[in-house]
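The structures considered in this document are given below.
Here come two complexes built around chain A, the first alongside chain B, the second alongside chain C.
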Partner chain A sequence: MPTLLAIDDLHVSFETDRGRTAILHGISLDLEPGQTIGVVGESGSGKTVLVRAVLGLLDAPFAIDGGRIEYEGANLLEYGEAELERIRGRDIALTTPEPRKHLNPLTTIGDQIAKVIRAHADVSKEAAMARAVELLGMVGIPDPELRLAGYPHEMSGGMCQRIIIAMALAHDSKILLIDEPTAGLDVTISRQILDLIRGLVRDRGAAALIVSRDLGVVAHYCRDVAVMYAGRIVEQAEVGTFFRQPLHPYSARLLRAAAAARDRAVGRAEATALLPPALDGCSYAPRCALAEPACEASIPGPAEPAAGRWVRCLRAAAIAHGEVAV
Partner chain B sequence: MRFARYIARRLLLLPVQLLLVSLIVFFLVRQMPGEPTFLYTGPFATKERVEEVRRQLGLDQPIHVQYVRYIERVIRGDFGMSLRTSQPVMTDVRQRLPATMELIGYAVVFSVLIGVPLGVYTAIRKRGIINRAVFLYGMMAGALPDFWFALIAIFVFFFHLGLLPGPIGRIDLMVSTPETITGMYTVDALLTANWAAFFSSASHLFLPVLTLVFIYMPLVLKNARSAMEDMLGSEFVVYARAAGLPRLMQWRYALRNAMPPIITVTGILAWFLLGGAVLVETVFAWGGLGQYAVQSVVNSDYAALQGVVLLSAVFTMLVFLVVDLAYFVVDPRIK
Partner chain C sequence: MSGPLLAVDGLVKHFPMDRRRKVQAVNDVSFEIGGGEALALVGESGSGKTTTGRCILRLIQPTAGAIRFDGMDLLAMEPRSFRALRPRIQMVFQEPYDSLSPRMRIGAIVEEPLKLAGSAGPAERLDRVAEILDLVRLGSGTMNRYPHQFSAGQQQRIGIARALATRPDLVVLDEPTSALDVSVRAEVLDLLSDLRADLGVSYLFISHDLTAVRRVCDRVAIMYLGKIVETGETEAIFERPLHPYSRALLSSVLYPDPEVDLPRFTLEGEIPSPINLPRGCHLHGRCPWAESRCEDRYPEVERHDAGRAVSCHRAREMAGA
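After this line comes the complex of A and B, so read on.
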């Protein structure tokens, strides 16, 4: 399969008063046509920064320190603002969490969607409005014609989320970057929207990166999963094998936490302190029950225990063979 | 409809607010040392003469009686006589208010026309020579006294270069004033196509307006810049960018959302200049309301002072009514 988007060894840092802090330490991720990858990990692991880096949205104090983001034979990191403008929203579309904040409060929904449509399509305002109605219908907004004249503050959070998703679908983009699609949506609506995205990916040879904290969403709608921790992808695997046997202790912990949350035992889920990630060695070592002295010595490189799956953990082989329990 | 009801309510509230203001001012004015009686009698009058004048002016009455009488007259449109100019306060004000309005009107308009674009520009272009120059100017102008700048401007443009008329008021002595319509010379001159009066009054306006704009524009500029910076960093502009909207459109989104604070500060500037322009008025012998107010205070000219304060109160409330209405127009969230 040819790759659609190839992120290779991406490094991003953030400038503060006390110097630079690295946020992404060499992320590599390939997206193929028809593929949906779920990116999971706790808050602050760098998921959103990764997604925004792809679109060239990181301004100072963020800085890209290295790597490549390859799309259609070009490195997006070398693109200027004008070139990025042509790609954003047309080839690569983004949805965001906190949708209400991402809509302009002073203009109507219809106007905003029409502007997104007309940014990349040479159509009349009327045609754009007609397309907006169609898009709002696709994401399940009732009475879309009436909604066009409304303002964001008149809509619920879930409604705003669907409007953002409608905008992301406006141009049949090849790559959909879906950041927290289900926050604020009830189950039926989020299903409907994820089904829609899955359909688009399947039928049009598009690809999607779904950032989510909801492992259920990832399990149902993604082919692969990438687990991020402290700015690194610590494990990547096909969804089925991942949920059967996570190889990284952090992945296992995430799955247990999700199960505990499902069983309403959140309070009793392993409450080891939220220790800050280590700077040398494996960043998860301070929180890891299986850590050994070697874990603190060097950053584990990616090991590939099986085709299409890899993990950054010194103990992965032992875990895979069932010699230690995670 | 909502709109009309809101305006009506605000306007209905206006008399109530004015009554309160008048009450406070009436009593405060009478706490000042000195009495207007002496303007009448001169300093060497006999005690009997002073008492007589006090009776004539009604100052021998209990203060609440004086207040009720004053209000009765005000309701009939009679603001009393200025003891200093020996004219009805209304006549004095009618001469001076247009002078001040013309001055601060131009000052506010140019502060906005120059300050907002500069603020927006420097918010977008964070580097470069213009940005640094504007930053320095903003720091410096806020620290300069306006009357000092006025004197320098007179020295350069009138005394040294001879380009502009000296500080002798609103129009050349040799040019007759235009027929009074609004009382603002440039406006009246334009309305009556009186070009001589127009150019004369415009050239007299130039330096005082330049002074006010130079010194007070940074208020608008800094506000526009910081509001624009905030909005450029806001999520909806970031999202507009992510959706591929061109930069011009992103800036328009940001500017539209930056309008409310800019409108507010414009209102504050207009309100401030009504009294705040007094030193500039004095330097240019403008004969405006600010000068009149100061003279009234110095001379314990009760009726004149009360009249000016009431007028300022009306002006202030109208300015903030306009600000609120502008908010209404800009922001659909305000209901």
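After this line comes the complex of A and C, so read on.
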């Protein structure tokens, strides 16, 4: 399969009054046509920063410190604003988990969607509005004609979210970067939207990166999964094998937490989730039950302890072979 | 205190659109929350959950209905007396970023309700802010940072810290976990449960996160198009939802296991809108059980055992099915 998008060793940092903080420490990820990768991980681990970096949407004080993002033979990190504008929303579409922040409070929903449509399609205002009605219908907003005249503050949280998703679907983009599509949506609407994305990927050869805190979404709608922790992908695998046997201790913990969430009988959460990551050695070490002195000495590089499984953990091979339990 | 902490009775909220039309966001909603009780409000996106919460905080004026808090008529209250009451009622907003003012530092944001409450001096307030930031595990070291320096999940915890600072009696939590990953979420849910056990605070827990609801709440109210269609004890509702919308909602949960089959009970058809509310039962166009009477008449609330109440013409008859 040819690669649609290749992210290679991406480093991003953030400047504060107290100096530079590294946020992404060398992310590599390839996306093929027809593929859907679920990106899961701790809140604050850099998922949103990652997808925004692809479209050059990180403004100062964020800085790209290195890496390549290859799309159609070019490195997007070398694109200027004009070149980025040409592909944003057309070749590569992005949704945001904070929809209200990205909608203009002073403009009607219809005008905002029409603007997105007309940015890359030479159509009349009327045609754009007709397409907007269609898009809102696709994301399950009833009475779309009437809603187009409304303003963002008149919409519920979930409706704003769906408006953002509708905009991302406007141009049959080849790459969909979907950040938290279902946070704030009820499960029935979520499923409708995920089915829609699945259809686009399957029928049009698009590819999607779905960032989601919801492992249920990943289990049922993604082919592969990438787990992020403190700015690194700590595990990448095909969904079926991942859910059967997670290999990184953090992944195992995520799956336990997700299973526990279903079950009232399960006791309290493992109370370590909110410990800050370590800066030296394996960033998960402060929380890891399997940590050994070696884990604090060096940062584990990606290794392939089993076919098709990429893991950043010194003990991954032992875990894969069942010598230690996670 | 005798009687419920919060009693919402016949709440209606319509937003006018133009001369002819209005959004009928909340249509005759009633529920009660006891001291120390957690009630979940779940339901379709746009069904009126946030609007209900905003009415309770008096952020918007209801079209009709009554809201009593600790026996007092909230809606009839002078602004002055309501302000005095505000430290006792707090809200965690659905969109965390939106509700945190970008120019204030985290410490000041969390301190603000304490200042408004006016009961503590500066030193005491600072201690309290540090304590509560530790409690939500942001750490008191974050006090001097600004909201935009945090991810959405971290901002959500700032919102929770701010709401809890005054040790309120009632917190309206609007989607408090939507930006949290599962492991952090589990801890935040434990935190909310602990606070309830320790401080006796009550929650109106608005959420699409049904597993969180199951973990935290005593009772659940399910909304569809501006009405509560079913209420009952949490476990009983999850085990045996009686209303068709509740059935569809609860059976759509995507379990984090690719080998569990996707759900069975689904609703088909156009989703109606609160601008053009359907006649009769709001669900009839999508309901697999609909009969002609469903199109004519909105079903009365029927009381079942153990505090269960359902609005459906056929729920009792289909309860065994």
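By definition in this document, the second predicted complex is superposed on the first by the 321 of 326 C-alpha atoms of A that agree within 3 Å, B and C clash if a C-alpha of one lies under 4 Å from a C-alpha of the other, contacts with A are read in each partner's own complex, and residues count from 1 in each chain.
Basically, contacts are C-beta pairs under 8 Å (C-beta built on N, C-alpha and C of every residue); 3 or more make two chains touch, one makes a residue touch a chain.
Note that this is a predicted model, so its numbers are computed, not measured.
Partners chain B and chain C, once the complexes are superposed on chain A, both fit on it without clashing.
In the superposition on chain A, A:A93 makes contact with chain B only, while chain C stays out of contact range. In the superposed model, A:K101 lies in contact with both chain B and chain C.
In the superposition on chain A, contact of A:D214 is made with chain C only, not with chain B. Touch criterion not met for A:A226: it reaches neither chain B nor chain C.
Among chain B and chain C, the chain that touches a larger number of residues in chain A is C.
Once the two complexes are overlaid on the shared chain, A:E85 sits against chain B while remaining clear of chain C. After overlaying the two complexes on the shared chain, residue contacts for A:I165 are found with neither chain B nor chain C. Residue contacts after overlaying the shared chain place A:G184 against chain C, while chain B stays out of touching range. In the superposition on chain A, A:K115 contacts chain B only, with no contact to chain C.
Least inter-chain distance for chain B and chain C in the combined superposition, rounded to the nearest angstrom, is 9, based on C-alpha atoms.
Common to the chain B and chain C interfaces on chain A are residues 98, 101.
Residue ranges of chain A in contact with chain B, taken from their complex: 52, 55, 57, 81, 85-90, 93-94, 96, 98, 101-107, 115-116, 119-120, 151, 153, 164, 167-168. Within the complex formed with chain A, the chain C residues making contact are 15, 17, 21, 23, 42-46, 50-51, 94-95, 97-98, 137, 139, 149-154, 174-175, 178-187, 189-190, 208, 210-212, 214-215, 235, 248-249, 252-260, 262, 266-267, 270-273, 275-276.
Residue ranges on chain B touching chain A, taken from their complex, read 234-236, 238-247, 249, 253, 256-257, 330-333.
Residues 14, 16, 40-45, 48, 97-101, 140, 142-143, 146, 149-150, 154-159, 162, 180, 183-191, 213-220, 239-240, 243, 253-255, 257-262, 264, 268-271, 273-274, 276 of chain A are the ones touching chain C in the complex.
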